[in-house]
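Down below are the structures I want you to see.
One chain, chain A, appears in both complexes that follow, with chain B as partner in the first and chain C in the second.
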Partner chain A sequence: MKKILLIEPDKTLSKVTSEYLVSKGMDVMIAEGAQEAVNLADQNEPDLVILEIQLKRHNGIDFIHEFRSYPEWHGIPIVIYSMIPKKEFTFDNNAWMELGVSKYLYKPKVKLNELFNELNEVFSEIKI
Partner chain B sequence: MKQLVSSAIVLKRTNFGEADRIIQVITPDQGKMSLMAKGVRKVNSKLAGSIELFSTIDVTYIPGRGSINRLITARLKKHFSNITKDFERTNSGYDFIKIINKVTEDEVDEQWFNLLENAFKYLDSFSIDINLIRIWYYLNIFELTGHTPNLNSDRDGKRYSEEGRYGFDLDAMSFYVDDNGKYMAQHIKVLKLANQFEPTKMTNIKDISNICEILYSLIRDMSRVTLDI
Partner chain C sequence: MKGTTSLVGADQYLLKSIAEELRLPLIQISRLAELNLQNKNINQTDIKKMETSADLAIQLLESFILGVEYSDHQTEIELSPITIGAVLNDVAHQVNKLATANNYDIELSVKSAHPVMGNYEAIKMAYLNIAHTIITGSTRHENNRRSSLVFAVYNRGPKNMAGIYSNNLDITKNVWERSINNFEKSRQKMPEFSHINGSGFFVASSILEAMSLELNPSKFHGDKGLAAGFPLSQQLQLV
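After this line comes the complex of A and B, so read on.
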């Protein structure tokens, strides 16, 4: 069972998203913020992180930098699933890749079943 | 599929996908629940006008497989429209919703629904002092969560004196004798009344506005210590 760390500050959205992913056979841990996410990952290392970039106290980019500062978590893919569209950032694709972001998904346009497919795609890339 | 009907008050609205919205509501008989309002953000949605904040509504829904139910119809019963005409009342309305959301689990009984509905009713009436409504609301929250302040005797178990001055001990949730204290018998009496009666029955008390201004600051301190809100 794939372990997902879902970082989502909105409780309603985290509930809906986690319920869907659990119904598809994934194991989901939920964190509302960056610090809680680091603590959870420390206790139970995830296979993949889903991140809403707009967090309450921290910037999601800062979270990524902190997460990547732990060598043991370098290989864990991060999928951004956010209300903020990618075009709002000045980063190009290389910059996202350097941060270790496997995909950037815009929440209003990506349904839960599509999110699930995207996650499976990331997992299949890891296998290769 | 079986359709269920309930009265509800909207606590929170979360946009979902391109045109949907998840609304969290509190009901008198089903506790708190989340309802998926499909297509509600489209211009021609029939649901859109009926799921406003500061309203009581009737909802028809189909229970979902998970924790999200599917909203079928929503009918506006009462919109407390005066609340949004005043900045402070609007802010208090949001605070009241936030507090209920914070201190309750999904399983809540009818008292919480009634409390919020009554709070909206009072906020909607400009003739009731806003601080009096806030004090009444917080005292009800304290009672429902088991944090009612001791208003019958002071910290040492003595009856309150008409001439005495008092401070308030937040840890003991009791007043104590303090010659330099800012609370007098009239403040304690108003708290007692607000704990027993509706704000509408207290509007004629002499100097109620000034008394409530002082008491509201105390009530906020109590809520920070007891409920972390």
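After this line comes the complex of A and C, so read on.
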């Protein structure tokens, strides 16, 4: 069973997304913010992180830097699932790759079934 | 359409901000519906309708936000060679389920494959809004009578015309111009066409206008609709 760390500040969306992924056979831990996410990952290492880049009191990019500062978590893929479109960042694809971001998904356009398919694609690429 | 950007005027930043905030509750509704559609014990028809309504509203807000960003040059429009028939084909596929559920039969009539310069995603978004507005806005359905929704691309002089037409859409030059004039004065913008405001048409128009394209009433084989003319590039035809 794949372990997902879902970092989502909106309680309704985190609950719905989590329930959907659990119904598809995934194990989901929910964090509302960056610090909680680091604590959860420390207790139970995830196979993949889903991140809303727009966090309370925190910038999702800062979270990625902090997360990547732990050598044991270097290989854990991060999928951004955000209300902010990718075009608002000046990063090119290489910059996202260097941060270890496997996918950037725009929440208003990506439904839960598509999110699930994208996660499976990431898993098939890294062959955990 | 002339003066579309003035429809939002000085309040456009506030409207954009409201649109951005409204997306979240709509996404919550849409995703909750998607989750519940997995539960076979719940009335699937009602949940599906709720999901569709939320998704259409999200699409409209996204398009409005894009239109504001384009008109204010907050977002640069990247143009590349595209075939407009491919865009309309994509839109037709995407609206197929909604059209069928609302008694529309989709037809595709692509008589030109010349490449034009444009932004595929932005043009797709504009035409999606036109199609959604025709399908969901029309009040002229009679006893399950089926209507047509024609996606047409054809050449007219130096332009590739791309439009969406219907035998259920009574939109003329006068109706269109009066709707634009009514925008600030009247609660119902297009009473000849719909009980709704037809905002999708105006949002589509603002997106196209940002690419110097003008959306206008047009006719195709007797059906009325809205179309824009994409200038043909001789250079692109040589590629």
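Everything below uses one rule, namely that the second predicted complex is superposed on the first by the 127 of 128 C-alpha atoms of A that agree within 3 Å, B and C clash if a C-alpha of one lies under 4 Å from a C-alpha of the other, contacts with A are read in each partner's own complex, and residues count from 1 in each chain.
We take it that a contact is a pair of C-beta atoms (placed from the backbone, for glycine too) under 8 Å apart; a residue touches a chain by one contact, two chains touch by 3 or more.
Just so it is clear, the model here is predicted, and its values are computed rather than measured.
Asks: Let's test your reading of the overlay: on chain A, do chain B and chain C clash or fit side by side?
Replies: clash
Asks: Is A:19 contacted by the first partner chain B, the second partner chain C, both or neither?
Replies: A:19 contacts both chain B and chain C.
Asks: Is A:87 touching the first partner chain B, the second partner chain C, both, or neither of them?
Replies: Only chain C; A:87 stays clear of chain B.
Asks: Does chain B (first) or chain C (second) touch A:113, or do both, or does neither?
Replies: The answer is second: A:113 touches chain C but not chain B.
Asks: In the superposed model, where does chain C crash into chain B, at 25-33, 169-177, 205-213 or 223-231?
Replies: Here chain C runs into chain B along 25-33, and the other listed stretches stay clear.
Asks: Which chain A residues lie in the overlap of the chain B contact set and the chain C contact set?
Replies: In the superposed arrangement, which is not itself an observed complex, chain A uses residues 10, 12-13, 16, 19-20, 23, 83, 107-109, 111 for both chain B and chain C.
Asks: In the complex formed with chain B, which residues of chain A make contact?
Replies: Per the touch definition, chain A meets chain B at residues 10, 12-13, 15-16, 19-20, 23, 83, 107-109, 111.
Asks: Flag every residue of chain C that touches chain A in the complex, lowest number first.
Replies: Contacts found on chain C: 20, 23-24, 27-28, 30-32, 34-35, 38, 58, 62, 75.
Asks: What does chain A use to touch chain C in their complex?
Replies: For chain A paired with chain C, touching residues are 10, 12-13, 16-17, 19-20, 23, 83, 87, 107-109, 111-113.
Asks: Which residues of chain B touch chain A once you look at their complex with the stated criterion?
Replies: Going by the criterion above, the answer is residues 12, 14-18, 22, 24, 34, 65-68.
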